[in-house]
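Should a chain be cited, it is by its letter among A, B and C, assigned in written order, with residues numbered from 1 in that chain.
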Amino acid sequence: MPRYPSPRTMAGLLRSADWIGTVSFAYSGSLLAAAAGMDAFGSCVVGCITAVGGGTVRDLLIGNAPVFWMQEVEYLAMSIVAALAAFISLPAGGLAEDGLVLRWTDHLGVAAFAVIGAQNGLRRNLAPLICVVCAIFTATFGGLTRDVLVNRPVYATCAAATGAVYLGMRALGAKPAMRIAAAVLFGTLLRELATVNQWRLPTAIDDAQRTHVDL
Amino acid sequence: MPRYPSPRTMAGLLRSADWIGTVSFAYSGSLLAAAAGMDAFGSCVVGCITAVGGGTVRDLLIGNAPVFWMQEVEYLAMSIVAALAAFISLPAGGLAEDGLVLRWTDHLGVAAFAVIGAQNGLRRNLAPLICVVCAIFTATFGGLTRDVLVNRPVYATCAAATGAVYLGMRALGAKPAMRIAAAVLFGTLLRELATVNQWRLPTAIDDAQRTHVDL
Amino acid sequence: MPRYPSPRTMAGLLRSADWIGTVSFAYSGSLLAAAAGMDAFGSCVVGCITAVGGGTVRDLLIGNAPVFWMQEVEYLAMSIVAALAAFISLPAGGLAEDGLVLRWTDHLGVAAFAVIGAQNGLRRNLAPLICVVCAIFTATFGGLTRDVLVNRPVYATCAAATGAVYLGMRALGAKPAMRIAAAVLFGTLLRELATVNQWRLPTAIDDAQRTHVDL
């Protein structure tokens, strides 16, 4: 993947989707923190964790340190700018957290993060199952911070499926550009469908039977 | 330690105890999560964190990455299977979380994890105090996830004692098979005694005097 | 920086401040945990996390493992002793958590940690922004454990400013002894001013408007 976004190759487009997702995650994370009354610094931290937290956990687990944003500083820089923009724009309105723009850039980001996570696993020669786990961590761990804040379901299953599609197409011999495009498109649309239809995985017991536990 | 369990050597038996502990941790972690109303994916995640979380933290701190379950995939695989089994068996009853089977396999697992953690520290030439800390992390960090959920006391002291027994016998010149057997047996029984007798370390103040803090 | 404190060089003095901060953090962390009713082991753990947690996170992110206290065992040893001292002294009174001694040693520790964090980043050839982030992590992450316990504001901004002063003076060509002294002095006093005057960064909205979120 080239270091900077480019419309000329599929890898360059993947980097573009990665940047869009990073900015979108930082913006929405900071927005929620600011709306909850956190100060500028705290909102910025929550925004940055939302944006780069997933890739950081992945890098730690696979042994890629200094972690990616310490080497590719542009990720932290764009996260800080987006987080501050969200903080400043909140009193004036800003983008709605569940509006069209943030929702779709969020979907796109999760899909791109999942594909990049799976690629990271492959580059380390890790087993397919572990590559899917890398996809899950990269795509969902940062957003956890934000989603736990607002008690929103975490679509980890979408990230797992996106990583699996990428790995499956690779196993079937699909070219890199093809499998990147297909997996990102699949992941983006799947997440919109899951959101709109409020898909939930089954629970083992009814709500009435659940033990009282502070999760 | 051989990669797969074997009844022929003490190291092979230690690996067996390690697998039994891993499966037991994954099962009980998932069981509690499922009983609290989490979906299949969430229960699976809690089960896996319970099973491999301790070794993961140890690997990160000592610089062993990719972490163990990314290289020995069987650990993650057996954790997922055990976690799903717990999720599926919950409505039908399944093993009781505080029943005889899960309690003793849990004790055995904690003891085995502590010995393996101490061994990891020794392999990195770390000081005895740090090896004991490795034992504590390996044995208790994963279970924390589960134990915090149900407000159960964490027997970190048992893990520390188990690691110390292993290191002490090694310093006294005991053979590997001997010190593994003694430490695992000691740790397993100590934890049962602590559970049955509800042993607690002293607190500095009475319950009445404690400051109100959400721990 | 020499491994042990020394009054003869500025680097030796920085190490002294580092030790003072470590002991102070461990003491105050353990004190709060003990006052909240935790047992000796738990208080010790909270004290140690408060003391070495920040440097641990920094080491993990920059890829310095085994982490510092696994190699320089004296840090963990002094943390354990200080934490146990706090636990034991609590019923008898002990140092007041917000008294003069603990407040100033805390300030000094945060300033020294921030400078050392920035130095760690420089040694890895990381960008200035990332070095400031290293300063923030080193200085504040451990204290978070303690400060979240008592709902106390976290002065991350002071740590960021201290790291920035160190880096700025280095960029301007100031000698090592000069920039260490200036940054530590600046950070120590800034934090006292922030505490006394209850400085707060602005929030985006009024308290009345904040969304209800359990942060």
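FYI, a residue touches a chain if its C-beta (ideal position, glycine included) is under 8 Å from a C-beta of that chain, and two chains touch if they have at least 3 such contacts.
Model, not experiment: these values are computed from the prediction.
Asker: Viewed as a graph of touching chains, is the assembly arranged as a line, ring, star, complete set, or other?
Answerer: complete
Asker: Looking only at residue numbers at the subunit A/subunit C interface, is the share used by both copies over half or under half? Answer same or different.
Answerer: different
Asker: Once you find the CA centre of subunit A and the CA centre of subunit C, what distance in Å lies between them?
Answerer: Centre-to-centre distance between subunit A and subunit C: 31 Å.
Asker: Which parts of subunit C, given as residue numbers and ranges, touch two or more other chains?
Answerer: In subunit C, 60, 65 touch at least two other chains.
Asker: Residue numbers of subunit B touching subunit C in their complex, please.
Answerer: These residues of subunit B touch subunit C: 60-63, 65, 124, 126-127, 129-130, 133, 156-157, 160, 200-205, 207, 210-211, 213, 215.
Asker: Would you tell me which residues of subunit B are touching subunit A in their complex?
Answerer: Answer in residue numbers: 32, 34-43, 45, 56, 60, 65-67, 69-71, 73, 76-77, 87-88, 90-91, 149-150.
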